[in-house]
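In the part that follows, the structures are each spelled out as C-alpha cells.
Look for chain A in each of the two complexes below; its partner is chain B in the first and chain C in the second.
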Partner chain A sequence: MFQRLWLASVAQPLHPLLSVACAAVALTFGLLLRDATTLLTFVAGLGLIFMMVGYGVLLARIARIVIPLAALIGVLAALFGGGMSGGLMTFGRINLLGLTTAFAWTIDPTQLARALRQAGAPPLVALSLLITVRSIPTLVGEAVRIRDAMRVRGLSLRHTPLRILYRALVVPLLIRVLTLSESLALALETRAFTGDPCATIYRPVALHGRDYATLALMVILMSGVAGVPWLCN
Partner chain B sequence: MIARLTLRDVVFLAVVAACLLAVSFLVVPLVISLPIPGIRSLAPSPFYGLLLAVALLKVRQPGTLFVVVSLVGLVLLMMAWVMFAVNVIAGALAELIVLAVFRSYQRNEAVLLAAGLYMPLTVLVSLGIGAVVGGPTIAQFLMNPWLIVPVLGATALLSFIGAWAGLRLGQELRVAGVLRA
Partner chain C sequence: MALQLTISHLRFRYATASEWVLQDVSLDLRGGEFVVIAGTSGAGKSTLLNCVNGSVVVYGEMHGQIALNGVALTGQPVAQIARSISTVAQDAEGQIVTLRVEDEIAFGCENLGFTPEAIQQRITRSCALLDLNPDQATSTLSGGGQQRLITAAALAMGTHVILLDEPLANLDAVGTARLLDTLRDLASHGALVIVAEHRLDVILPYATRLIWIEDGRVTLDLPHDEALRYVQRLIRRMTVVSVPDRQMPSDIAIELDSVSAGYAAVPVLRDITLTVRQGEQIVVLGENGCGKTTLLRVIAGLLKPQRGRLRYGLDRLRPLSRRIGYVFQSPNSQLFMDSVRAEIAVQAESAELVDEVVSLFGLASLSDRHPQALSTGQKRLVAVAAMVAMRPDVLLLDEPSVGQDARGVERMLAALGALRQKWGLTLIVVTHDWRCAGAFGERVIWINQGVIHRDGDASMLPDYFLRAYPRRDEVNR
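Entry: the complex of A and B
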C-alpha cells in the first residue's frame, strides 16, 4: 500500500535494476567521502538529479521525514564527541541514506522480477523476491484483521498480558502465514510453474532515454565531487 | 542451494521473509531515533527468533536460514547495500556455526541455536561494517564495550527467548496438523 502511494508520486520510474545500482553506487560513494562539505554537496547534487528526472514530489515527501531525523541524530553525534564536523557528516549520511531509499520506493516489484529474469537470475530467485515484496501488505492486512478480531472480543494490544497476546495474535498470524504460503504454492503448481530457466518473459523491461540521462548525470556528479577537490589541491 | 528446495519450501520461506520485513517495518521506526548502536537489531529480535525457528522447523534443510535472510537482504538491497551485507554475512555465519556444530537441522537444538544466533550476529556485523565505513570517530564510538556488551547481551537474550517460543509454537502447530515438514 505504502509503496503504491510512493510509486504514484513518480510519473515514470527508472529501470528497476538501474535504480538498485544507482542507490548502491551513490551510497558507497557517499560513505567514502570523508569531508562534510563534499558530502553535503554530493547529497544536494543527488537531490537536484532527483528533481531533474521527475522525482521532485517524492523527494519532498522523503525530505519531510528524513531531514528532521538527520538533524536530531546529527546534533546528538556532535554533542557525543563528534564535534561540528562529525555532526554534519552524520546529518549528511542520514540524508544520503534517505535519498538512496527513494530509489527503492519507486521500484515496481513485478518489473524488478522481470528485469532480474532478463539479467539471467534463476526464476526461483526472482519469484521468491516478488513473493516477499508482494506479501508484506497482505501480512500487515492479516495482522490488522486479527487485531480487530481481538478488539471485538474485548482485548487491546496495550492492556493484554503477553501470554494471551501470544495466543490471540501470534498463533493465528502464523497459521495464516502457513495457509497463505500453501495456497500460493498450490496456485503456482496448478499454473505449471516449475522454475524452468528457459521460460519466456511476459513483458521485457527496456532501458529508456531517462535511464541513460540519469546514469550520465550521476557520473558527472560523482566525477565533479571527486575531481574538484583533487584539482584544487 | 535454492535448487534443493521444493517450490512449496521456496514460497513458504519467501512469505516468512515478508513476515520478517513487516515486523522490521513496524518495529524499527519506533526505535530508530534512539542513538544506541544495535537498537535496530535489538527491537525486532524476539520476532526474528520466533519466525526463523518456525521456518527452520518446517524446512529442515541446510541453507534455509541463509535463503530467508538473503531474501530479506535482497529487499533491503534496494535501499542500501549495507543492510544486505549485514543480513547475508550474519546469515552465512550463523548457518556455518550451526552446521559445524550439529551438521543438520534435524535436532531442535540446532534450530534453536540458528534462530537465536542470527540477530546477535547482525549486531556484531553491523557494528563492524559501521566502524569500517564510518571512519575513526565512529569506529571509536561504536567499539566502546560499555555500549556493545549490554546491547549484544539483550539482543541474544531476546532472540533466544523468541527462538524458544518459536520451537514451542512449532511443536503445537505440528500436533495440530498445521505445520508439516
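Entry: the complex of A and C
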C-alpha cells in the first residue's frame, strides 16, 4: 500500500541494482563522516541529485515528516550533552537515513528480481524475493479470516485467557504457511521451474542515460565531500 | 498422430497411510476429449491428476504405467512432464508466485525458454481469453481473478494436455462460462482437457466424457449424452422432496429488512428481505459471487449492512457470537486447540453438552487427535461440533460437504437433526452440492446477482441444479 503510493510519485525509478547500490553506499559513506558541516553538505547534495533524477515529488513528501523529526531529535541530542555539533550530526544522520530508505523503498521487487537474474544470480534467489513479497497479502488475508474466526467463536481480548487467544491466532497462521509452501512447491514444479539460469527473462531491465548520470553525480559528490576538506588541510 | 494418454493399472498410496487411494485405475484418453473426473471427496480425483503430472510420486508408493503418446511419464521429473502436461491445482492463491498478472503468465513460458516476443503474444492471448488485465497487481485480484490467472498461466504454456483440479471453485457464473468455453474450444482443436470437479450440474454440458471414481476405482465411464442423462437421474433422485410435517409457525429467529451489504460502493447483496423462523432448515443456492457468503457474514455480524435493518428475535441476553454459530468454507482458520476434545470444550456452553456433541458427531475415537492432523472432512466435523457446543440458536454452514464423503455428510445431518429436536437449532446452509442441498433443504432460497430470485421448498432443487442443461436432453422418468 505505502509502497504503491511512493512508487506512484516516481515516474521512472532508476535501475533497481543501481538504486540498491546507491542507497547502501550513500548511507555507509554518510555515517562515516565525522564532521557536521561535511555531513550536511553531503545530505543536501544527495537530496539535490535525487531531485535531479526525478525523485523530487517523493522527497517533498518524506521531507515533511523526516525534517521536523530530525530537527526535534537533533535539538534533544544537543540539549542532552551533544552540544551544537552533536545536534547537527544527529539531524544530518536522521535525514540521511530517511533519504536513503525512501530511495531504496522505490525499488520495484519485480524489476529487482529481473535485474538480479540478468546479473547472473541464481533464478531461485530472484524468485524467493518475489515469493516473499507476494506472500504478504496472502498472510494478511489469512489474518483477516482468523480475526473473523475468533469473533465467531466468541473469543475476545477481555474474556479469553491469553494462552487461548495466542493459539487461535498462531496455529491457523502456521497451518496456512505450511499449505502455502506446499502449493508453491507444486506450482513451481508444474510450471517447469528447474532453476535453469538459461530460462528466458521476459522484459529484461536496461540501464538508461539517467542511471549513468546518477552514478556520475554520486561519484562527484562523494569525492567532493571527501576530497575538499582533505585539500583544504 | 493423435494425442493419447494411457493409464494402466495405476495404484497409489501415501506414505502416511496404509490404504491405497487409487486401486487399479486404467484409462485410455485421447486428444479432443473434455473429460470430467467426478466422485465423492477423498475418492482419489486429485491424486489421479497428481499421478499424471508426477507431483505426488515423492509422497508415496506408485505402481502401474502412465504414458503420453507411448512414451512413459512415470519416473520423469515433474518439471520435465510439465513441458507436455500443464496443471491447475487447487488453492489458486497459493500458486501465484509473482506480483503482476503479466509476470505470472510469463513465468511458465520463461521456464520453457520461449522468446520474449512469443511470451508477449501468449500473455495477450491468455489475458483476452480469461478476461485479465496484464498490468494488474496480483495482490488486488479477487478469488475468481486468482483462479482465472493461474488457469491463464497454465494455458499460456501451450501444452496439449491440461489438468484442472476443481477449477470452478471460486469462479462466478460469467467466469465459469468463459473458462468452460475456452476449455471446450481447446479440446475441439485437439487438446486433451481433464477436469476433476464435483459441480457436475455446471460442467457436464460442456464435457465429452464423464469418469466416476469411487474408492480408488473407475466405476463409471460414460460419453456426453449418457453422462447427462445419468446425472439428471441422480439429481432428480437425490432431491426427492421430503416435505416435513408442518409445525406451528415458531418464533422469528432472524429478520432482514431491505438489507444491502457488500465491500465497496456497489453492494453484493441488494435489498434482501427475509424472515427466518426458529428451527427452520434452509439451503441457500446461487452462483459464485451472487452474495451467499456475504449473506452469512451479515447474519453472523461480521459485516455491517450498508442499508436496511437486521433484527435477531433470539435470547438477547447472550452475546451474538453465542447465538449465531458460523462454520467457514475452509475450517482451517477455525481450529486451534491441540486436541479434538479441547477444541470442542474451549468455548462450550457446558461439560455435558461437550460429551453429548462428541458422541453425536462420532468423534469419541478422535478426541485425543490434533484437529489440524485430521482429514478435511473430519476437520469440518470438528469445526461444526465445536460450534454447536456453544449452543447457538442459529448455525450457518458454508459448503459443509466439501471434503466430506457421503458417510460424513449423513453423520453431520443426523447430529444436527438431533440438536434441532433438542433446542430447535436453526440451520442455514450454503452449498453447491446437490446431494447436500437435497439432504438439508426444507426451505430453499435461490439468490441471483444479489437478490432473492426464488424462495420455496425442496421441489425447486431440480430447477436449480438442472438450469444449465439443454432442454432437448431432458428425460422424464
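Rule of thumb we're sticking to: the second predicted complex is superposed on the first by the 208 of 233 C-alpha atoms of A that agree within 3 Å, B and C clash if a C-alpha of one lies under 4 Å from a C-alpha of the other, contacts with A are read in each partner's own complex, and residues count from 1 in each chain.
The definition used in the following text is that a contact is a pair of C-beta atoms (placed from the backbone, for glycine too) under 8 Å apart; a residue touches a chain by one contact, two chains touch by 3 or more.
The model shown is predicted, which means the values in this text are computed figures rather than measured ones.
Colleague: Quick check on the superposed pair: does A:A216 touch chain B, chain C, both, or neither? Answer first, second, both or neither.
Modeller: Neither partner.
Colleague: Can A:L184 be said to touch chain B (first), chain C (second), both, or neither?
Modeller: The answer is both, since A:L184 touches chain B and chain C.
Colleague: Under the stated touch criterion, which partner chain does A:V171 make contact with: chain B (first), chain C (second), both, or neither?
Modeller: Touch status of A:V171: both partners.
Colleague: Just checking: does A:A23 make contact with chain B only, chain C only, both, or neither of them? Give me first, second, both or neither.
Modeller: Touch partner of A:A23: chain B, not chain C.
Colleague: After the superposition on A, what does A:F193 contact: first (chain B), second (chain C), both or neither?
Modeller: both
Colleague: Is A:V133 touching the first partner chain B, the second partner chain C, both, or neither of them?
Modeller: So A:V133 meets both chain B and chain C here.
Colleague: Looking at the overlay, what does A:R203 touch: chain B (first), chain C (second), both, or neither?
Modeller: Touch status of A:R203: second partner only.
Colleague: Classify the contacts of A:D148 with the two partner chains as first (chain B alone), second (chain C alone), both, or neither.
Modeller: So A:D148 only meets chain C here.
Colleague: Between chain B and chain C, whom does A:M52 touch in the aligned arrangement: first, second, both, or neither?
Modeller: So A:M52 meets neither chain B nor chain C here.
Colleague: Find the residues of chain A that appear in the contact set with chain B and again in the contact set with chain C.
Modeller: Residues common to the chain A contacts of chain C and of chain B are 127, 131, 133-134, 136, 138, 170-171, 175, 179-180, 182, 184, 188-189, 193-194, listed in rising order.
Colleague: Which positions of chain B touch chain A when the two form their complex?
Modeller: Touch list, chain B to chain A: 2-3, 5, 7-8, 10-19, 21-22, 25-26, 32-33, 35, 50, 54, 58, 67, 71-72, 74-75, 77-82, 133-135, 137-138, 141, 165, 169, 172-173, 178-179.
Colleague: Give the list of chain C residues in touch with chain A in this complex.
Modeller: Interface residues on chain C, with respect to chain A: 53, 55, 77-80, 82-83, 86-87, 89-91, 93-100, 103, 106-116, 119-120, 137-139, 150, 153-154, 157, 297, 300-302, 319, 321-322, 324-326, 328, 330, 332-338, 346-347, 372, 386-387, 390.
Colleague: Where on chain A does chain C make contact in their complex?
Modeller: Against chain C, the touching part of chain A is residues 4, 109-110, 127, 130-131, 133-134, 136-138, 141-142, 145-146, 148-149, 151-155, 164, 167-172, 175-176, 179-180, 182-184, 186-194, 196, 198-204.
Colleague: Per the contact definition, I'd like the list of chain A residues that touch chain B in the complex.
Modeller: Residue positions touching the partner: 19-20, 23-24, 27-28, 31-32, 34, 69, 72-73, 76-77, 80-82, 86, 89, 97, 100-101, 103-104, 107, 112, 122, 124-125, 127-129, 131-136, 138-140, 143, 166, 170-171, 174-175, 177-182, 184-185, 188-189, 193-195.
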